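Structures follow.
Note that subunit A is present in both complexes that follow, paired respectively with subunit B and with subunit C.
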Partner chain A sequence: MNESVPKPEVAAARGVKVAFGAVKALDGADLIIRQSECVGLVGHNGAGKSTIVNVINGGLSPHEGTISYGGVEAQGISTARAHGIRCVFQELSLCPNLTVAENARVMHSDLKGSGWRRRGLELVTQKLDDIFPGHAIDCESVVEDLSIAERQMVEIAISFAAVAEAPKLVILDEPTSSLDAGLAAQLMAYVRRFVGSGGSVLLISHILGEILSTSDRIVVMKDGKVVADRPASEFDTRRLVEAMGSVVRHQGWERAAKAHSGQPVLSVQLHPRSSHRLQAFGGEIVGLAGLGGHGQTEALLEIYLSANGNWWPTKEPKMAFVAGDRALNGAFPLWSILKNLSISSLKGLSKRKLIDPVREQEVSERWKKRIEIRTPDMHNPILSLSGGNQQKVLFARALATTSKIVLMDDPMRGVDIGTKQEVYEILRSEASAGRTFIWYSTEMDEIRLCDRVYVFRDGAIADELVGADITEANVLAASFAGGAAA
Partner chain B sequence: MNGMRTLGAKPWIWSFAAAVIVWVTTVWFTGGSSAVGLSQATLTFAAFSIIVGVGQMFVITLGPGNIDLSVPATMTLSGTVALKVMDVQDSMILVGLLLAIFVGIAIGMGNYALIKLLRIPPIIATLSMSFIVQSFAIWTNRGLRIKPPEMLSSFATSYTFGIPNVALIALLISVLAWVLLEKSVYGRRISAIGQSSFAARMAGIPIDGTRFVTYVLCSVLAALCGYLLASFSGGAALNMGAEYLLMSIAVVVIGGTAVAGGNSNVPGIWGASLFMFLVVSMLNTYGFGAGVRLILTGLIIIAVILAAGGRKALR
Partner chain C sequence: MKLSSGAIRLVIPAVSLAVLLAAVFYMQPRAMSYTGLNLLFNLAVPIALATIAQMLIMSVNDLDLSMGTFVSFTACVTATFLQTSPAIGILILAGAIAAYAALGVIIHIRQLPSIVVTLGMSFVWGGLAVLLLPSPGGAAPGWVRWIMTAKPPVVPMAIVASVIIAAITHFLVMRSSLGVLIRGVGGNQRSVERAGWSVVGLRAAAYAMAGFFAVLAGIALVGLTTSADANIALRYTLLSIAGVILGGGEFVGGRVSPIGAVIGALTLTLAGSFLSFMRISPDWQIGAQGAILIVVLALRLFLNRLEKREKNP
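Up next, the complex of A and B:
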């Protein structure tokens, strides 16, 4: 490619900063997309990829920095659309109760006047034939009746379709996550054709092979910043994984390299495609790693629900569960801290089915002290606590049980660093006392605290790492398809 | 902290306040002569609403969508079956009672089987169940009116220390229900399920087991109420449960139990049941016709719910 004369910009974000509360989602990131090029964007969870996409498509106004389209500074969703920016979202955004043509009308307001239905139908059908030759989608059907892959194909086709004006930049956020290899290859071939005819594409994918083969240029993000921006030819899988990894090495606590004797306390085959059985031994902290939403939570739920009956109360529950999403599956909002804490261990606190208030109070005071729940009175409502302290109550609820295994569903999300350190300390002492923890975490620092780690990809276990092998580079390599070869 | 607790205990205050106001205005209108008679009649008739209301309260605590509409049919069937089996003999009173309870257990199990196995929403499952049960009652009753055993009917209609016996039974049931709700593991479980069924599951609560027990409990209380009502009114009639469908739900709601589930109280059911009967007798005393009476009853109920609801809007 001739790089001597820079091609004109289609869209550019310069020095963009976005913060959600205390969390810096973007910390001075630059992303420039030029005409007729495909830019690959990679980075692990929380690196800021989706945020910068939302800034470029106008959905989010940055707190600092500038956005320009075709060299002109502007902002807002309608401005972005007017400049030919289109976006295919990771979470599908079609209206399920409308037909394919009607959905095309929703996205293209130019599709109007009598006969828009017929024209929309022709438009999408033609584009689908163009991108995915040989597809079997009936464009007159309602979106609800299509499979996930078909919906994704329709959404891609609608985004690339030109009504009054052809799209200049199409942003594809994980477009192949629900497509099989054949369809993904068709899409990538189309992206090259689209770029060849003067269009631009911003491609986000966790499949590194795709990024390397399709992009002209690759941008690597980490912690809200762009850490690498070079032509694709200068990267290979290994270098890409290294670029995503952290520069500063944090020190995990020292793992006792204990040899496991005897039977595992837990051993399940999670997904037929899993390369390993998930096993856990007594006193072990087992980490579930990988990119977010690749089946870790589902795995925990499967393990938990298959172990705990729904009809008869078990004498000694085998497992306890610490929820990550407090509002959805953790706290009971009408109750006091005390009741929220004791709910899972009431069996041990009652005589003849009646709760012993003195012992319940004792247990709650003990945990209040041990895990430092910051409240003057455990009878205060749970919602009077800060998020981090509510999370501590959920930890105490699980730890106060007699369960030998504790499952944790990314419980530290949105918890401040001080609280984290306190809880890590308690986990370590509980583990050395013989408890087993199975811990899904999206944070690398936490994964490094584990004795053994299973890396998930696409709902299955892709790799098992033990002891000193638990490094960010190894976890990332296993999280990204194609990275395993590195 | 004490402030929080008293505030939390408040929802039932409203129904009692309403009951007291209506009682005072009625007695004042009659010049004080009706005080004792009115109180005794109120306690008697409120007792039946209290018994079915307590059962309905447990079901409503389970959270949105949980309701038992088979209450009237259950009352009718248990009343007719028990009277038929007792056949006016005093020696059969206990057998009749056990049979009524058995009828309740069977209907409760049937209700939950429909809800769980056929995955029908409770409102439809219990309604269809009530058609089956009502047809059964028609079939067993066959139009004959059997009198209750002498001893039982005199027990149901007489007083101890000036308080109607049925009200004492309602009091006993209410105390047991209060202990169950506030002090037992089971009470915590239904409250947890009512707040968030998924969170309850993840906290290790057996959801199906708990809900099953609750539906059975509600049906047993309805059956018990049917047995008492049939004995009190000198025989079972096919429409004897009809007014208790709305009544069982109304007393729970007016009593300050959260319709959204998870938060309920027993005292409120007393206040609401007394209030519901007093409103009707007050309007009777004033000499209103049936139409005006119904409209006013409706308006007063709405007013009480609004007054009590203002407090709960904090949620």
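Up next, the complex of A and C:
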């Protein structure tokens, strides 16, 4: 790196602010990527990594701030692509029903004219040989016939391939998440070669070893802001984890160390690679932490199905579930608040298979008071409530059952802070009354409320933290693998 | 050699058609002739065209419930305007295709469920058809009649037409860039969008092409029946959906096969004749057709599961 003469910019986002409702995803972040450098981008959940990637690739227009490509201010997906910005997304984004060559056609609009099929095939095959020498991918097959790792390799190869114009900046969002260590090393070696030949790469990964060894410069994000932007040589694993953590130490709950007598109410071995069994004692709040999408939701579902079965409903459900995505699998949008609340406990509210409306009303009024659902009438449609109050109804639905264990799938996403505090209070009182909560949360503040925390990485439990060990630093250290992929 | 999932998808419709054909020949050996085959498959040509139209809609993850009334409407236009004043007739049919493209745009921009929009449109098309022909009548234009009753040497017209339809649509949907992009919308709309394509344009193109093939279905139908009626093709809605599914297509995911769809349409037509040969009363035929459909789909589900087990042992 030559500090005296800065290399020309490839893409730059300056002072970018993006808000989704009340949540500030980006709060004045700057990210500048120069020619022939590899920038590593790290941060915990909700730090704004994916949002800034979407801003740079043109998929999201910021509410404030400027985007420029090669020094020219511009916006939009097609403009970004015209400036040579390519993106490999974390979730696979090929069309599974098309062949490899056809996917190349979709990704590259300049691959046209007669014989594009043959040229596309050659292009991808060549790139694959270049990046992953010795691969055994049949490029004539349909993408859905390939394994997950092969799909990821194909997507990377298509993104790096040059049809009419070579890519200038390739954004790799967790590119090695489904590759094994050998393939990941091949990819990182290729990234270095690509950077050496004048290209730029923005690399996002939870494997800090990759970031440290491959990047020239590392940008650390937290709460929608860039908190550190320094050459990679000034970082090591410990310093990176420290930079991701918060500067101000929040005060956690006063936790009386509980002595556990007797058997845990729940004890499961989730993944063959997990280093710990997931255990929960009566009256505990157990947190599932780690980066989003590392197997926490799957773990909750596995626990739920192991207890309740998914074929016939059991008489006395042992567990209740609070869904995270209200719109997708939580609320019944056409029903009233009352019906949404009572659906899980209808058995207890019925006489001879008929619902007793008086008791249903009683229960709903009781919960309305208890968790303060802000509505004049519980018969109003659920969609008349604000997002936070809808989420409270879902909580009440789970708490109104007789279940001793409540599973929560990151239910507080996008809920305002006031409602959160109220729900935390209810959780605490319910827990002291003997209920057990298993709580997947992507927010560090919530994880600190738990009595016991399991940190997930790559689908398995990577670490167990109890009591005073539950600190941001410990959770971060366990969520990010230190060296190469395990 | 290992078969690709696309090839496996095509095997079942081909096998079921062959089995059904063998059964028909066994019961009625006289069907094994030029005239016999033509009679068996004559009515398959408009159904095949309607099935292709439905398949195009299904390739962008939508469903068209107005196919039957739309084909009836175009048949009525063919028997009236296209015969008396061709210029106006062509204009009306072009307008109908444009209306289909507009439907695609509306469905995409307003994020409406295609089922609801097309169900509503089915009443519009049905009403227009009744306005055109309140009672059965009209006449087929001479050239349409000539095409549909042509007698090419060796192979009957119905077979020739099916092969031509399959070949052209295979090229259009499976080989051309536009077809690839349309199927890409069905497979992963977001990635097509992220690559900088206009998804609304692609959906409009898919709907317009579907409208075009549905118009051809109406014309072909009138060529066979020589006159039209506002309710002439009501069965086509379900027949076309069943044809796509029978031919290896799926409701979502952009997994469609034009050759399969044509074979599916032939199979459905043949199933009707087969049941008549078995002397099953027409009252039971629809149920029996459904039973055939269920058997074929069960077979496919079974093969899919087998394939999956092979992949992850």
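Note that the second predicted complex is superposed on the first by the 473 of 486 C-alpha atoms of A that agree within 3 Å, B and C clash if a C-alpha of one lies under 4 Å from a C-alpha of the other, contacts with A are read in each partner's own complex, and residues count from 1 in each chain.
In this text, a contact is a pair of C-beta atoms (placed from the backbone, for glycine too) under 8 Å apart; a residue touches a chain by one contact, two chains touch by 3 or more.
Keep in mind the model is a prediction, meaning the values are calculated, not measured.
Q: Record, for the superposition on subunit A, whether partners subunit B and subunit C clash or fit.
A: Partners fit side by side after overlay.
Q: Touching A:Ser197, do we find subunit B (first), subunit C (second), both, or neither?
A: In the superposition, A:Ser197 touches no partner, neither subunit B nor subunit C.
Q: After the superposition on chain A, what angle is formed at the C-alpha centre of subunit A by the C-alpha centres of subunit B and subunit C, rounded to the nearest 10 degrees?
A: In the superposed model, the angle at subunit A is 40 degrees.
Q: In the overlaid three-chain picture, which partner chain does A:Ser114 touch, first (subunit B) or second (subunit C), both, or neither?
A: In the superposition, A:Ser114 contacts neither subunit B nor subunit C.
Q: In the overlaid three-chain picture, which partner chain does A:Leu98 touch, first (subunit B) or second (subunit C), both, or neither?
A: After superposition on chain A, A:Leu98 lies in contact with subunit C alone.
Q: Going by the contact rule set out at the top, does A:Val106 touch subunit B (first), subunit C (second), both, or neither?
A: second
Q: In the overlaid three-chain picture, which partner chain does A:Gln421 touch, first (subunit B) or second (subunit C), both, or neither?
A: It touches nothing on subunit B or subunit C.
Q: Which of the two partners, first being subunit B and second being subunit C, lies in contact with A:Ser78: first, second, both, or neither?
A: In the superposed model, A:Ser78 contacts subunit C only, not subunit B.
Q: Give one of first, second, both or neither to describe whether A:Asp145 is in contact with subunit B, with subunit C, with both, or with none.
A: second
Q: Quick one: minimum Cα-Cα distance, subunit B versus subunit C, in the superposed arrangement, integer Å.
A: 5 Å.
Q: For the complex, which residues does subunit C have touching subunit A?
A: The contact residues of subunit C facing subunit A are 4-6, 175, 177, 180-181, 183-184, 186-188, 190-197, 253-255.
Q: Where on subunit B is subunit A touching in the complex?
A: It comes out as residues 1, 4-5, 179, 183-186, 188, 191-192, 195-196, 198-209, 212, 258, 262-263, 315.
Q: Name, in rising order, each residue of subunit A that touches subunit C in their complex.
A: 57, 59, 77-78, 81, 87, 89, 93-98, 102-103, 105-109, 112, 116-117, 141-142, 144-145
Q: Okay, in this complex, where on subunit A does subunit B touch?
A: Going through subunit A, the ones touching subunit B are 304-305, 308-314, 317, 320-321, 323, 328-335, 339, 343-344, 346-347, 350, 353-355, 376-377, 379-381, 397, 401.
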